[in-house]
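You will see chain A twice below: alongside chain B first, and alongside chain C after that.
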Partner chain A sequence: MGTTRMDRRLFLKAAGLTAGAAATLEVGCLSYFKKGRSATADNREVPTTCELCPNKCSAIAVVEAGRVKKLNPNPENPKSRDMLCARGNAAIKQVYDPDRLKQPMIRVGARGEGKWKPVSWDEAFDFAAKKLGEAKSKYGPESTLWSSTEGFQEVFFKNLGLAFGSPNLVRHPTLCLASVNLAYSATFGTVPSFDLLNSKYVIMSGANRFESIITPDTMDLIGGVMERKAKLVYLDPRFTVTASKADEWYPIKPGTDLAFILAMIHVIIAENRHSKEFVSAYTVGFEQLAEHVKPYTPEWAEKETEIPGKDITRIAREFADAGARALYYAGRRSSWYQNDFQMRRAQAILNAIVGNWDQMGGMVPNAKLPKGEFLFMPWDEPKAPRVDEIEKHFPLAAKGDGVYLKLRENVLSGKPYPIKAWMVYKQDPLNAMPDQSKTLKMIEQMDFIGVIDVQMSDLAWYADVVFPESAYLERTDPVEVMPGIWPAVVFRQQVVKPIHDTKPNLEIVQGLAKRLGLGDYFDYTIEQWVEAEFKDLPIPMAAEHMKKHGVWAASGQPSYGKTLNPDHRFVTKTGKVELFSERLQEAGYDPLPVYAAPKQPRSDQFRLVLGRVGYFTHANQSNNVWLHEFMKENDLWINPKPAARLGIQNGATVSVTSSVGSVKLKARVTEEIRPDCVFMLHGFGKKSKMQSLVYNVGASDAAVLETAWDQVSGNAAFHETFVKVATA
Partner chain B sequence: MDIRKRRYALVIDSRKCINCKACAVACKAENEVAVGNTRNWINEDRQGEYPKLRIDFEPEQCHHCEHPSCVRVCPTGASWQRKDGIVLVAADDCIGCRYCMIACPYDARYFQEETGTVGKCTLCSHRIDKGNIPACVETCPSKVRVFGDLEDPTSRIHELLATRRYHVKEPQTGNGPQLYYLL
Partner chain C sequence: MRNSLLLLAAITVITAPLAAEGGSDTKGKFFFKKTCKSCHTAGSAAKEITPLSKTQAQWKAYFAAGKHKKGAEKLDTLLKPEQVKDVQTFLVNHASDSPQPETCGG
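Let's look at the complex of A and B:
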């Protein structure tokens, strides 16, 4: 090996950070690269940024003999807390996966039949441009749909859709966390971070943080670098890893979290335990709130939630006593029930009245860092209204993200206008959206589908042309600023040259743009783009620093309390924290969260709940050979009592049937779930034969989930499906 | 420092383990372990009846014993122990008889069909020799494992073993295992 490395243990010691030893967390002071490193073309270490999930952890890629051999965590990123999870470690297999897309391909058989013709990039671009042009001339540019998921190169894809003239960009948030974002924005005017490192008392509803890994939250709560300080109260119908680590676990009746929260607010106000200073100085609508929660007593909530009223009262008291260091944690993938927005808003209100806003151990508005912008030639804004009619149905939702399920309904009905061509980047709507049969119908009515992806996703399997994107370890991407309590700038740079005939997304976009007559809008290289972004970073020698370190973080402790002065204006209608929201009232929604009991399954039905494990979170990870080893197929969790009633043995094959579909998979008879629920893991039962490890293995949750959404945010409601289970 | 004055060990705080498998994948990459084999793993103990339940996770790998029975039974000397305590297999001398696999009280060794030899955890001795820490220790999100030198009184593991209660697995074998599990 031609590399030299500094003594890692020594510098960890010098920084006072050998695991568990640190009393305070110093950030931005650790350097993997303090000493000069020598490298050769074949053997080197390259700092980069992981792309296996949205956390953007900093990693050091070790290249030996021209191959990526190992990814080590980069301690310089305070957000990733000097770790790399199983998925991050397994990113190597994304590059060297025999199932990868290796060259552009055009479909020759029927859609989904799996007959493909390898073609040149020119052929692929010409074909797609011709088809997109046909849709444009027949139905207008708005007849094209552009869907994508968060990623550093997503910006180019979105810009191509807009430059082409389509308003119909649809992104992942309404299949993920739109209801949380909207609820916290409606209350505080922004979505804060949660300071789990310093919190004393944390309540989580279903946000299974020890399996759905989010940085730095997961590590801060388990006590990675530090010992854990917080008491954790966890509500979930399933005994997850988080439940097993919690101080108290309550298998709450699904869909009743709002009742629990309203009763907590009731107790805190009735016993005068709220933060008077914060409420009077920074909020509006406390009197209406106090009046509103009067009927929501703990005794009432006990009947709804099946959590003892005396426990609700005690938890409310403990929560209020922890005050500024108490947190009702918001979580992500908050797409559960049709009242999701109001449930999240009740959490935000509860957090507000105990005065944890902008406090150490509380909710902290995100600190941001400046970044330069590459100025490209602007295009005319698309003229047509959006096909999902977001303005009419979801006036408060984020316009740029769209509303996925309503969009699918409108595409299927052809109203208000037809959608005939679909471009997809880095997303698998066949698994990400509930009700797979509807997505298949949507596919059927497209004249053209083009997919840009690293691997043959299920949607790509049904496409007309697939453009193979280079894996993240083969690409240089735009610079990303990560706002937060510990803000950082991260950079992803090419570690190895593409090993197949693949291109980064920008070059795919450029190839299409050139043929669509839009080349001028994309007349730049990734290097020019990145250089422009480096310019305004608050870092001396920014370009050199980012290339050498891959990350930059502001050093020192977070600054709490910046917004806690009487002159601060929250970005809400009143400029205050809105406990009562006039804006919601004007839009026709409840200005304070009103509880309505959720529909419950009949005695022969179960509620299907979803979740993740630490090594698979996204559907694209189950075909990774290093992760697949831990779980070769998914199974259906069912409590022994109903299992005995139905004659279901552990390991037996069962059918799971909803109103929209039926799947078969093996049963896992387990005590770790409520008797009225069943659970299956996401990411199995693939239709794509180029996901060879999970093709037709286990079952896809999307095939049985029904279409339902949150009324305010349009977020998909994934826990509203009732299923019948029978031996098969 | 002179290698003879070192004694490497791991202290494991199992309560922090969230069964995320980062250690297992990091090991796989670092040591080029074939799919199907594993040098470290996480034991799961699930108990109770709904809703009174518990799950305990316990990461495990070679215990790099003080008196390793695998080394004792090896007919060729392929299984050997470094002065700093790390137990290794010299692949060139291994005849694949698998006595060591039977002798190991922890089932920490595996047979490699491709080479006809036995594989096991090396405590990432190649990384340690360069001043780094083992891959499983480094990558862990919750920093379950603490690596250190028992002969170094300033090391973190010294402090942990002096101030916390702990146990070792299968102490009755007399192997003197060097994975210390905090209670």
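Let's look at the complex of A and C:
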């Protein structure tokens, strides 16, 4: 069952996405605090920081009778724009979720059978330490794999893996945004923010930002596009909520965005519409670029993209005319195609040549704030090379993140060496990675799996021991600087004491470290850690301020153009913005983006495209009882023409089959998708019976997605799977 | 400040024959922050230093040429030779022209 348009609009309202919130960006709205907050022994208001998505919005928890009664937005944080989305509000239900993990448990049945024995923390720690120790003595410390997703306490988990001696930390970016991060880093030496609030012309492809996740960028789109009437050109094979808000929507042929961008660059250079001043002062490689894009004409691109060449030409002209206040928006998640890095590189280059760097309404390098650091005792570097062979296959990728899908291939092959133990923090690889059957095989060959999580994820369901982490409202975390156009520092502090037998991740790590003989490396408390971080904050009485307000942001207006001086050195090989990249060339990659037409599905196949909806975005929130009310099941979008050909009625159950798996779910027959694609929402069809609302409900995209990755960044390519659809 | 100057001067002397490779990035960050940054921070009398202050070649040349106090002071009272190697590794690895793809959190 899908959601309706009206539902979406209501959701936006419920999420507090008012136009005024985006337009009013006053920092330091102290009136709230001047009024004071009531506090009795059991009734309090506690400023903290949301953890339900990576956005880290500031919230104020209202506690009554010792329970979290409500979560309000904190107006002092300019990044969260005085809003808390529906997902943020539903964090209360993470605490009081009857399905959540309530005590440590050790598996007693077969993996995935769901038979568990509640144990003490000592038993859980002893068991895991014994298993990790066995793997270390048999195969070396490198035989242990440490998987995690970003979060304020992730640092402790990663440090445990490193101190244990394993080089094999693997994080979420290659299942998310590694290609965009690497492309912008390769071009500008950093990943900038996009000043959507002040832009005049926005092009968006590979992102659905009115719908898929609610962030400040979403708010700024509303402010910039809806209120200020900036133009939004949107490319997507589906008619999404973003498409409905756009000035122009083009149902582009999937996987051809790079052709569209190269043709835009062609027009802008051929018509001499680029920013001569910026290009000459701050970039290298313009001559090579001009020569490179000559064949990429709008007429050529029309054949690839199915977007009329005259429109490409017009859009290129309009984009160049908007110049400093034009943006080709990079989006957030970027794991779609095997050429994703080069597509993002082309976006970066297009942005560069119109001179939008460090300009109001353009791309702005993130300002940062100083923060202290707790200096813990350092350990010896792991001696073994990484099992994913990142240096050999992805020499420019972020080494600390690893490359997830290549890693899985190597784990399954046992080469270059075996991986026998898997520790997982705050991540569900069974849903996050494509080709679930391969992940299940990976699980089978592990001698030990330990999971730290708030809830019984699908991966936890297959683990040997689960360590229940306290929900974010139950714990204090490290301080976090949020770089951006308007930088802020945020603090997450304990709102209520844990209501079950759970621990914050640091204490779980310390329990394991002590038994692994690594206790000295973690000999500190969270209070000592955050006090050290408070020290260098540019605030008088920093600790007191952060505990009272939960956030601090620099006052005044954002400043633009700080890097626009001849002495500025970009963090690139040449010190300039690299349109042509010698570093890419040296690594064996195309130094300028080269287009190759993507493979297309046969006439009896469809390209499976994925998406998210802001109610939960990630798979880990679809079991939240409040959010579940918005959407209870996913469905398969299919165009009426192929649906009629296949005899598929709206609402009928269909099978979706790829080369790696098959799922069943209901069909939504709709004109809002191209005939050569079908679409499925992420986060359903769970295997864990302790995800009771979505257990075996709808379908998991991971079950049918095939393994493919971007060649430069190693980012998973989730839109490279062709499926057959039939009535079930 | 004096300690930091001593540190960098001694690094110069001790690491001249050493390559940047082979040290520990993790330990280098620790010793850099604990010792060098005790003086070389923003707003302090000593000039702020970060790994981005120089390119890889400049860091290597810096350690080799002994520009800090012209190598007049010894480091061995502050850091052991392997710790100096760690600091050099950290600075070179994170220099202004080193590949540093950004990540998400972490």
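Before moving on, here are some points about what is shown:
In this text, the second predicted complex is superposed on the first by the 692 of 728 C-alpha atoms of A that agree within 3 Å, B and C clash if a C-alpha of one lies under 4 Å from a C-alpha of the other, contacts with A are read in each partner's own complex, and residues count from 1 in each chain.
Going forward, a residue touches a chain if its C-beta (ideal position, glycine included) is under 8 Å from a C-beta of that chain, and two chains touch if they have at least 3 such contacts.
Owing to the predicted nature of the structure, the values given are computational and were not obtained by experimental measurement.
When the shared chain is aligned, chain B comes close enough to touch A:Arg81, but chain C does not.
Looking at the superposition, the partner that touches the larger set of chain A residues, chain B or chain C, turns out to be B. Looking at the shared chain after the overlay, A:Gln347 reaches neither chain B nor chain C. Legend: residue contacts after superposition of the two complexes on their common chain; A:Lys245 is shown touching chain B, with no touch to chain C. In the superposed model, A:Asn639 lies in contact with chain B only, and not with chain C.
Once the two complexes are laid over each other on the shared chain, residue contacts for A:Lys158 go to chain C alone; chain B is not touched. In the superposition on chain A, contact of A:Thr707 is made with neither chain B nor chain C. On chain A, the patch touched by chain B and the patch touched by chain C do not overlap at any residue.
Of all residues in chain C, those touching chain A in their complex are 24-27, 29-30, 33-34, 42, 52, 96-97, 99-106. Contact residues on chain A toward chain C in their complex (touch as defined above): 54, 150-151, 154-155, 158, 162, 171-173, 176-178, 181-182, 184-186, 189-191, 370, 373, 375, 377-381, 396-398, 400-401, 569, 571-575, 583.
The part of chain B that touches chain A in the complex is made up of residues 13, 15-16, 18-22, 24-26, 28-30, 32, 35-36, 38, 46, 48-51, 53-55, 57, 130-133, 135, 137-143, 146, 156, 159-160. Interface of chain A with chain B (complex): residues 5-10, 18-21, 69-73, 81-86, 88-90, 92, 210-211, 213, 218-219, 222-225, 239, 241, 243-245, 249, 251, 614-615, 625-627, 629-630, 639-640, 671-675.
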